[in-house]
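Pasting in a structure now, in structure tokens, and then I'll have a few things to ask.
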Amino acid sequence: MKMNVSLPGLDLKNPIMPASGCFGFGKEYSEFYDLSKLGAICVKAVSPLMKRGNPTPRVAETPGGMLNAIGLQNPGLESVMENELPWLERFDVPIIVNIAGNTIEEYMDVARVVSKAPNVKAVELNISCPNVKEGGIAFGTDPYIAKELTARVKDVCHVPVYVKLSPNVTDIVTIAKAVEEGGADGLSMINTLLGMRLDLKTGKPILANETGGLSGSAIKPVAVRMIYTVSQQVSIPIIGMGGVTNADDALELILAGASAVAVGTQNFVDPFACPTIIEELEEKLKDYHVDHIGELTGRSWRPSLQPLTTR
Amino acid sequence: MKMNVSLPGLDLKNPIMPASGCFGFGKEYSEFYDLSKLGAICVKAVSPLMKRGNPTPRVAETPGGMLNAIGLQNPGLESVMENELPWLERFDVPIIVNIAGNTIEEYMDVARVVSKAPNVKAVELNISCPNVKEGGIAFGTDPYIAKELTARVKDVCHVPVYVKLSPNVTDIVTIAKAVEEGGADGLSMINTLLGMRLDLKTGKPILANETGGLSGSAIKPVAVRMIYTVSQQVSIPIIGMGGVTNADDALELILAGASAVAVGTQNFVDPFACPTIIEELEEKLKDYHVDHIGELTGRSWRPSLQPLTTR
Amino acid sequence: MKKVEAMTVVSQRTIANNIYECSLKGDLVSVMNEPGQFVHLKVTDGIEPTLRRPISICSVDTNERTFTMVYRVEGIGTKKLSHKLPGERVNVLGPLGHGFPMEELKSESHCLLVGGGIGVPPLYELAKQLTSKGHSVTAVLGFRSKEDVFYEREFSRLGPTFVATEDGSYGEMGFVTDVIGAKQLTGDCYYACGPRPMLKAIESNMPIPGFLSLEERMGCGIGACLACVCDMKNEAGYRKVCSDGPVFKAGEVVV
Amino acid sequence: MKKVEAMTVVSQRTIANNIYECSLKGDLVSVMNEPGQFVHLKVTDGIEPTLRRPISICSVDTNERTFTMVYRVEGIGTKKLSHKLPGERVNVLGPLGHGFPMEELKSESHCLLVGGGIGVPPLYELAKQLTSKGHSVTAVLGFRSKEDVFYEREFSRLGPTFVATEDGSYGEMGFVTDVIGAKQLTGDCYYACGPRPMLKAIESNMPIPGFLSLEERMGCGIGACLACVCDMKNEAGYRKVCSDGPVFKAGEVVV
């Protein structure tokens, strides 16, 4: 029981979960392993109506990472309620529904409904998607709107609300504090960095959407610094993400201040990424002077008299 | 003569120059090749008085990149005027002096003096250093201050003024336009992204300064998208930088909208990085339907009827 | 449950300009039975490159527990793959996707196989399986130039084989569609794999039913990330190239 | 003009727990003549890892055009280095920095060499050159544990050699300073290389003049990036470990 983590709404067997958009609604990965092994599952963004997303190409590779411009394609609230969430009930794992909307009302509509599904234990407001024209990132760069959105969703949502922050801001602490004031139960950070690649033969952007969201190892140092900074300024827990490929990366985000860790891009590289990280993490914990993984959260800045490792 | 580039104050033999802080004042690299081969040299940040910089460790590696927290260590204006700039006169190469200050007056003081040195053809205002407490990045995140700073330096400076922008902002276009209005002759972008790494044994940040600036391949997609976006919104030229390791990377920044390209971290990896990129770039140009490299600037968004490459 | 496997390189050789043929050995071969499926390869530990690379299964030898791929060196991924020597490992996720369907063929059907460039490889296992099931095949293979041509001999053993090169330096000059037109090639159905413009031309010119194998930039390769979608022609929905395809019935999706 | 060179691995072997000895061959060896200098290695093409790695020159064989390094596998850089087989290349920038000065020694001086862990290697070439110049050496080598000990025999051939292990599993129990104290070792001067705490202890305990070799995280390795500075003791200035050091006179910089 060294690995379990208790967060608002979420009783996690372990702190590892797939990140939104990198795991669909679980079906594909259920063909590789038992999803009940996971701490939680954060599903793809859900919008009120079905969304077609952006034209292809939607991904491009970059040094140590990748760009995506999926554009929040999803089957829409109704289909998710009817097909995806009930299907996931066969697993003993809490579900976090990532929500995207063009207006505050759309976020509220989805939250109101999905939060009634029995296995949905929390929602995550995606106010940071760089790949859609409306909503998305706009909500994540203005602290007033972010706070307002959080508060309004809190009013209608039956489960705790996590807000997913964008790294593409001058001052992430202000946004984080704003959503905390708005009543957020937790934060998820970070979403992708805005980036772009050009095709040297045509001179044009590789992505049909021109710009995309940068994820993968390349962004880990940005995630670490943002989690480190924000976790010292808020008192709600943080689900950390950004460039986690192995147990060491997960530990780095936890030491920086995350209470749980989501794995995104690495699922594409290795479909077994999450269960592998869970196993390795449990093994690695033996090197640390702790009875429980929760004691490592924020240890980079939390004063402590004990040395961290036994080595 | 396909490679020469003419920018405010700068007649470049070719568009490649070392980036500030990654080449000292040239002495070390002059032991590897003739610095006259370079398009220009952008020297380390100069402040009015000698600066000791941050405690060590000052660098840490990250996936596809590195963090630095040098903290603008430099010998100070007087010593630069007496020792460094005169020494560089032996080379047939324009010098750009990167300027750092804690106050607008400090930037002005340095600009006023260095711009009189015969080989200094432009200054670059570093309003984006993430590694110092005062000045630096503060000037780069507020468009009003950035504009004011630019205008005041323009008043006293005898050579064109380039302003180096920080990528750590919500809206780089607003800053870019502000400094253009302030009278900037050009932009340099991007400086480093704020990042951090932890030591998993101690749990503490690896850098003594805790956070540092992320540079290298990892940040190239961020540089491409910022240059692409800003170059369409301003009419002053851009010196592009961020993750350039070879001629293809340089081309990508040029196609995105840069008129010249600075090479930073790669100098540490390969001391011959700049001359190698210059040679390769000239060779690569043969594959492009252009008489002159300048025609490639911004070709990712500039309409053109001709196919870009001959292949 | 699906698996990934670190399979062993048993051979690696150049067979045309920048084109490599590589065989891998391992247990996953036992489940590679649909021609047209692909594998998703991790060619290196670590982050350079980060993503897997999709490569078609070109032929399968169940007895030897090996399968063969034919690929063109394009960028960093295929380059690193080409450097793998016999004995080294490649991490394989697969077989993935849906291949060329053969169940609905009447017995002794005649099938036209149309391949362009690196679209040729998956047709080879298909040709082997079709002929071994008693069907006959005619292959039309298009390449840019003489030095790009590969597998002509292999296909010839299985049926009449025509080669077209864009510059006319080998076989017929022109595109595969030119050859099909000139020689009036037809059959009960066709199977095609190659660049988009070729697939488009085939789809709109061929009067017989057929199947097209598509390419798209991929993330996961298993249907989870939605990187590789294509639109359906007649309904509002979409299909994923990696898991619903890569092979689609002609007319099903927008090529 | 200074150069970089893709040097060829001629040997690679494990000599202690996680400790490798690797020899490289090439032209740069002709300019490696100051013991205590280091090389800055790019162990892979591409970005993983991005930066070079500083490793001391442990011994030089001018006739064979080879030099030898001894290194501990720590992280990704040294790990990739340890995988390089004879015949493969490693990109070498160097020799860099200033080594252990020997010019000011009176003839037939006696020198105490104090090394800790991976600080031991540069002392070996120093010991060879000192003895060949007619000086005598005593070596005190400190390691964590028995399985970490290396080069005891090599040093023994050149002069009296004492080994200390922290856990007492081999040689004397304790730190090098304990051995120096217990055996009352001294000389005309000392040369030391090892972890900071060891260097600090030596510097403050040894009554004789000496030289210390420092380590610091590096960027360029040639003095341009200012990553590796250390403060001077008696003036306002600073020194760069890569180009002013890595060897400093005891008392010159803050250890």
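Here the chain labels run A, B, C and D in written order, and each chain numbers its own residues starting at 1.
Everything below uses one rule, namely that contacts are C-beta pairs under 8 Å (C-beta built on N, C-alpha and C of every residue); 3 or more make two chains touch, one makes a residue touch a chain.
On a predicted model such as this, the values are computed, not experimentally measured, just so you know.
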Shared chain contacts [chain A and chain D, defined touch] = B, C
Ranked by contact pairs, first place goes to A-B
Centroid comparison with chain C (C-alpha atoms), farthest chain | D
Approximately how many whole Å separate the CA-defined centres of chain B and chain D?
-> 36
Taking each chain's centre as the mean of its CA atoms, chain A sits from chain B at a distance in Å of 34
How many angstrom lie between the CA centroids of chain C and chain D, rounded to a whole number?
-> 55
Give, as an integer number of Å, the spacing between the C-alpha centres of chain C and chain B.
-> 46
Among chain C residues, those touching two or more other chains are 47-48
Two or more partner chains touched - positions in chain A | 63-65, 217-218
Per the touch rule, the chain C residues reaching chain A in their complex are 1-4, 42, 47-52, 93, 216-230, 238, 243
Can you list the chain A residues touching chain B in their complex?
-> 62-65, 67, 141, 168-171, 193-198, 200-205, 210-211, 214, 217-222, 224-225, 228-229, 243, 248, 251-252, 255-256, 296, 299-300, 307-309, 311
Footprint of chain C on chain A - complex, ascending | 21-24, 27-29, 31-33, 44, 52-53, 56-61, 63-66, 68, 70, 73, 216-218, 245, 265, 267-272
Counting only contacts in the complex, chain D reaches chain C at residues 46-48
